[in-house]
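In structure tokens below, several structures.
One chain, chain A, links the two complexes that follow: it is found with chain B in the first and with chain C in the second.
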Partner chain A sequence: MDIRNERDLIGGNTPRPARIRTDYTEIIMSWFGYIFIGLFAISCLLPFLLILGTSFTSEEAVKKFGFNIWPHEFSTFAYQIVFENPKLIIGSYLVTMGITIVGTVVGLFIVAMTGYALQRPDFTYRNKISFFIYFTTLFSGGLVPFYLLITQYLDLKDSYLAVLLPGLLTPFLIIMMKSFVRSIPHAITESAKIDGAGDFTIFLRLILPMTTPALATIGLFIALGYWNEWYNAMLFLSPDMDYRPLQLFLYNVVTSADFIRNSAASSNVAMSDVPLETMKMATAVVATGPVILFYPFVQRYFIKGITVGAVKG
Partner chain B sequence: MCLPAIVFFCIFAYLPMPGLYLAFVKYNYTDGIFSSPFVGWDNFKFLIITGDLWRLTFNTVAYNIAFIVLGNIAQITVAILLNEIRKKWFKKISQTLMFLPYFISAVLIGLLAYNILSYDYGLLNGILRSLHLDPVKAYSEPHLWPFIIVITYLWQTTGYGSIVYFAAIMGLDSEIVEASEIDGANAFQRIIYIVLPWLKPTFIILLLFSLGGILKGNFGLFFNLVGANNTALYASTDIIETYVFRSLMTNFNFSMGSAVSLYQSVFGFVVVITANWIVKKVSPENSLF
Partner chain C sequence: MSRFRKLTISVLIAVMVISLAACGGKKESSSAGGDTSQFVTISFVVLGDKPKNGQFEKVMEKVNAIMKEKINAELQWKWVEWADWQTKYNLLLASGEPVDLVTIGTDWLDTWSNAQRGAFLPLDDLLPKYAPQTWKEIPQEDWAQSKYNGKIVLIPENDYTQWINHGFFYRGDWAKQAGITEPIKDWNTIGKYLQWIKDNKPDVIPYDVQASTSNFGGWVQSYTPHLELPISTGYMPIFNTESYDDRYKVVSPVFEDTFLDFAKMMKDWADKGYWREDVLNNKNDARNALRAGQNGMDSHHTQTFSGLRVQMDKDQPGSELMMYPFSRTSNNLLEMPITHGGVSLGAHSKNPERALMAYDLIRNNKEIYQLINYGMEGVQYDIKDGKRVLPANYNETNDSFYSDFWAGRMDKFEIPSDTTWDKIDTMYKEYDKIKKPYPYGQFVFDKTAIESELTAISQVTGEMGPAISYGKAGDPTQAVQEYRDKLKLAGYDKVMAELQRQLDAYKAQMDSTANK
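And then the complex of A and B:
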């Protein structure tokens, strides 16, 4: 498949030139396009507005009118309680940011190294190792042995490493890196070798700088994975840890009324006054806001990733 | 330079594999994996007798088929309609909005659904009440959940998934389209006779790839939509992953969980090999191995 410029894919220029004639079917199709795409786009936004609106509504209004996009009675009480004890939410942010940054940097470095090595034609075992990595997507030990490995053999229960380590690499990202690096001619590696550079120097000084767009793309995939990670956190971190990753924190808030009451109790709010529903929404806004504000700017990298990953396999 | 990756996959992917032996023992904590009493195929027999294995397989496969078929139809539709839109700003904004659901965590997806479906405060029931209709108790009505889960899945993935098809349409040679117009083809004919056939190879490849994962469930989606302990909905929402998770975290029946995992891995492996064999026949350059 030939994609002239991946920028075209967002709000793309259609490769077709001006119409030769415009008949009524063209008009119907384009109207249908505007209506259908427009409605679907709005439906993608509405649930977020519903959370945002509810988070700014008073608990009484929610009990009376239900969740609403437009607050019946404006109130910032839920946010006040979320931030009354800022240690919890700030701690969660720091944990998630720490895991995301460390995981992305380390993971990206290993993915890039592996991807580069696996496509070098002079690397004898490349096919065998590729299969060794790919095979893990075909067959796995499943959740129970994995759980026992982490908790009993590696002894990582209640350690952030249990969240960090398993997310470092995925076969998919290594394959993606391989496809990206393939566009760099092998002659570059060879000529650097003749000049006396070692494999690692070639990788660091020549290959890495040439693959910046690929690194950005794959790095964002890894980072998004860590930012949204809750599964390993839920499996391996107990709910009474002081600082949980953001999504686990949100999960606890959403699923457990006791959890909300406990965090509200530390801010001297009477149990009966705790705004159960609106606090869920306020926490969700605080935990999700930054990603949503950030993503329109990085969107095109994800698009690049999915076209490379999906088309070239 | 592959060494870190090899070590990683050895530890996190290959090391747990011998643990599948758990499926053939009656696990207890004191004896550990390899010293617990060996029971052969008893765990599997139990799963078959209770009907669990059949229900899990049916649910997992049926949901995946719905995801694959409806997902691809929705993605192709969105890609084609995006291509019909001329206004650049409209395309840009709508694409950005359609990608939005893909960037959020499964936990938030669960909360978004709760916002709409909650019996007391949900938006859906708010609307139904204001129309003087009976509110819906979604969280205790199993027959509604196939729709809820499939719709949520489509909502979350269609915008993002449509990119592959949109990219394919962009690669369509404009001369072919022009020629068809000179021959008098209208917009519908252009889509049916040129664009759809052009997308067929992409569709087949994506279809075959996704077949490989037909026994793998989308744990995050199911778990967060349904909730951890909503037994009322199991009949229509329990998939292999949620069952294994429960056997580990709620029932502490490690052997049963491993038996289901082993079944999933072996069955899934066979499906992937078959799918790959078919890809090789259809288009050799796209086969996985």
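And then the complex of A and C:
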């Protein structure tokens, strides 16, 4: 059921009635709403602009005037340092993108399949398996067993799979998917069965297209998770690997004094000129860059994706 | 339960096998006995970021050529990077991975608690046979400090001079003009020096400090016989012990007049404008400002001073940078624990014998030692007048080398560098006269019972400490009282009691070994 149809019933498509006198409270309310939401939006945007502005400021100006949205003295020096070794940063970008794309596609597929299966009334063990999944959200094994599992039993040290696999199935996303799919009447599945469709065909041809909003939302969650992932990479991917995910790379840029010193020396500047503060901002911008582009594409599905399941569940 | 776990694991493995094609191969198996007929690889866990310019590999090639010839083995560095190194290092040891040599440090790398968890191999029987020279040269009392539960679990870095005694760095030329002819011995004279700068050098900030570092520990060292315990309470030390003679009694300098005196003096310094008005937000680097001639004082430890003195002689000729070590006022100075650095053998090492042989070589073979510590002569350094200097065509990006080897340095193979002050010995002699042996080398501090209180205390020190330490908390008496109240609230008494209990137990342990 599409929300647009509901609006049709209320009267979205009927010709607008002649302007009715609105009373003052309504005007005040809407103005108040605009102002409040506007301010809120600005307060969300400000920190990011501050980061962006500072990253293009010279370190001297930061010391003198503090952080500013509009650079006092324009400088791209922080970026020059971050991109000192373009081969490494491009390699890291590719690794992160690869992991994000593969992880999102495979993860989305598995989460959707699990969510769908777990709510089918004709699936006998659905409650037991659901419990098994939820249980892990309450009691996790802890860091050491997790580390042992990955390195000793699965032998995934220094393999990108060590970053990819743990993010594929998230209990929270399965719960979300499950409650969304529940809004699709079971009758659809049954009628398709009568027409001779197999379970997998039903899932692929009927269920998946009907869950686009949920897929978009969950997909964004998974993609963000992979994009920002650095902890597993830090634990399992040793420096012996040539390229490691972007976030870990940037984290090392900021923490490692050696890197800074070396880059400073190679660009013939004194150590004191290394723009530590602006460099942190530049790395933040580099790290957020592409992911900000995800939002406009999936945003329209957002609210529906998160709430529909919950309302009807 | 275990069947269930096995099932889960085998299901996971089944999933894995399908998708797992590009996984690394297995390592070669171990050699038998003590013979060196079979070639093996010895891993060495070090802390630091892996160098990326290829020099490290070139140096290791040379090292390994000698290693192969002598003991038919090669060394392989295993880097633990600075990104969340504590977690990673401890996980590496907890995972039971078959690592061979491991860098340890009892005061900063949780060595005793790792020993408690059985992460290290006992070395008593292996050492005399496979690392005979090391075994012979380290005296028995030093081995005694390397024991956990009566077994040697580490090889200490006992033959390397390093002093991290802290103090103020000030300019000798300005001090002389201020009428201070003797080396500075106390904080009042420092105040006099700063006042002179304030009056005579309008472009210089007397002490351009960042509030993120505290000098309170230095003050305690200068004006009390207290000893610092290897327990972190965040911004400033809260728990010390009474004195060297009464070294098992916990006291707190913050709850003594010591702290009030400190707070008053710092308020005074702040009011006189020795540092910036916005010191709490200051991001300016004191050391760079000093080198640029815009700052009159900096503080850090002796090793830093030794390098900075040489740099200052270049940047500000005639500045005669001096150091006032905090220990000079009270002669209160502890040696570094010899287990600050060292090496252990991983409990699951596949070639413990060969690993010890390799260690014996690193420590006692001059060529290997200097390769690992300094790199190749002619590329990383030249020798001029008995000192290391950078070669003429040295390029930092392409030629720089480091191995982060802190696990068994030896004074006898060290080559002095032209970047360290050639008169640093005078400071070392001053220290040698007053130093006392480090008494807490084997103190295994167990913080499980008071973890949350310690965190709360660190929170309080971080919150109020900077303002009091730099005279920005208003009336010192009132601020100190408020600070003490907050510490009490955070669980000060409980931590104090628990520390005393553990130190009593430690005292009993030390007494019993001393009587044996």
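FYI, the second predicted complex is superposed on the first by the 207 of 313 C-alpha atoms of A that agree within 3 Å, B and C clash if a C-alpha of one lies under 4 Å from a C-alpha of the other, contacts with A are read in each partner's own complex, and residues count from 1 in each chain.
Heads up, the rule we're going with is that a residue touches a chain if its C-beta (ideal position, glycine included) is under 8 Å from a C-beta of that chain, and two chains touch if they have at least 3 such contacts.
These numbers were taken from a predicted model, which means no experiment stands behind them.
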{"item": "First, second, both or neither for A:V102, with chain B first and chain C second", "value": "neither"}
{"item": "Partner chain in contact with A:M241 - chain B first, chain C second, else both or neither", "value": "neither"}
{"item": "Which of chain B and chain C A:F200 touches, first, second, both or neither", "value": "first"}
{"item": "Touching partner for A:L143 - first (chain B), second (chain C), both, neither", "value": "both"}
{"item": "When both partners are placed on the shared chain, which of chain B and chain C touches more of chain A", "value": "B"}
{"item": "Contacts of A:I129 with chain B and chain C, given as first, second, both or neither", "value": "first"}
{"item": "Touching partner for A:V291 - first (chain B), second (chain C), both, neither", "value": "first"}
{"item": "Partner chain in contact with A:I184 - chain B first, chain C second, else both or neither", "value": "neither"}
{"item": "Which superposed partner A:A61 touches (first chain B, second chain C, both, neither)", "value": "neither"}
{"item": "Partner chain(s) touched by A:A216 [first = chain B, second = chain C, both, neither]", "value": "neither"}
{"item": "Shared contact residues on chain A - chain B and chain C", "value": "62-63, 143-144, 147-149, 153-154, 165, 231, 235, 251, 255, 277"}
{"item": "Of all residues in chain A, those that touch chain C in their complex", "value": "62-63, 85, 88, 143-144, 147-149, 151-159, 161, 165, 231, 234-235, 238-240, 248, 251-252, 255-256, 258-259, 261-263, 265-266, 271-272, 277"}
{"item": "Interfacial residue positions of chain A with respect to chain B in the complex", "value": "1-4, 8-17, 19-21, 23, 25-26, 28-30, 32-34, 36-38, 40-45, 47-48, 50-51, 54, 62-63, 65-68, 110-111, 113-114, 116-118, 129, 131-134, 136, 138-149, 153-154, 165-166, 168-169, 174, 199-200, 203, 224, 227-231, 235, 247, 250-251, 254-255, 277, 280-281, 284, 287-288, 291-292, 295-296, 299, 302-303, 306-307, 310-311, 313"}
{"item": "Chain C - residues contacting chain A, complex", "value": "9, 12-13, 16, 19-20, 22-24, 48-53, 78-79, 81-84, 87-88, 91, 94-97, 283-285, 288, 291-292, 395-397, 400, 402"}
{"item": "Chain B residues touching chain A - in the complex, by the definition given at the top", "value": "1-2, 4-6, 8-9, 11-20, 22, 33, 77-78, 81-86, 88-108, 110-112, 114-116, 118, 120-123, 125-126, 129, 155, 158-160, 163-164, 166-168, 170-172, 174, 177-178, 181-182, 186-189, 191, 202, 205-206, 209, 212, 219-220, 224, 227-228, 241, 244-245, 247-249, 254, 257-258, 260-262, 264-265, 268-269, 272, 286, 288-289"}
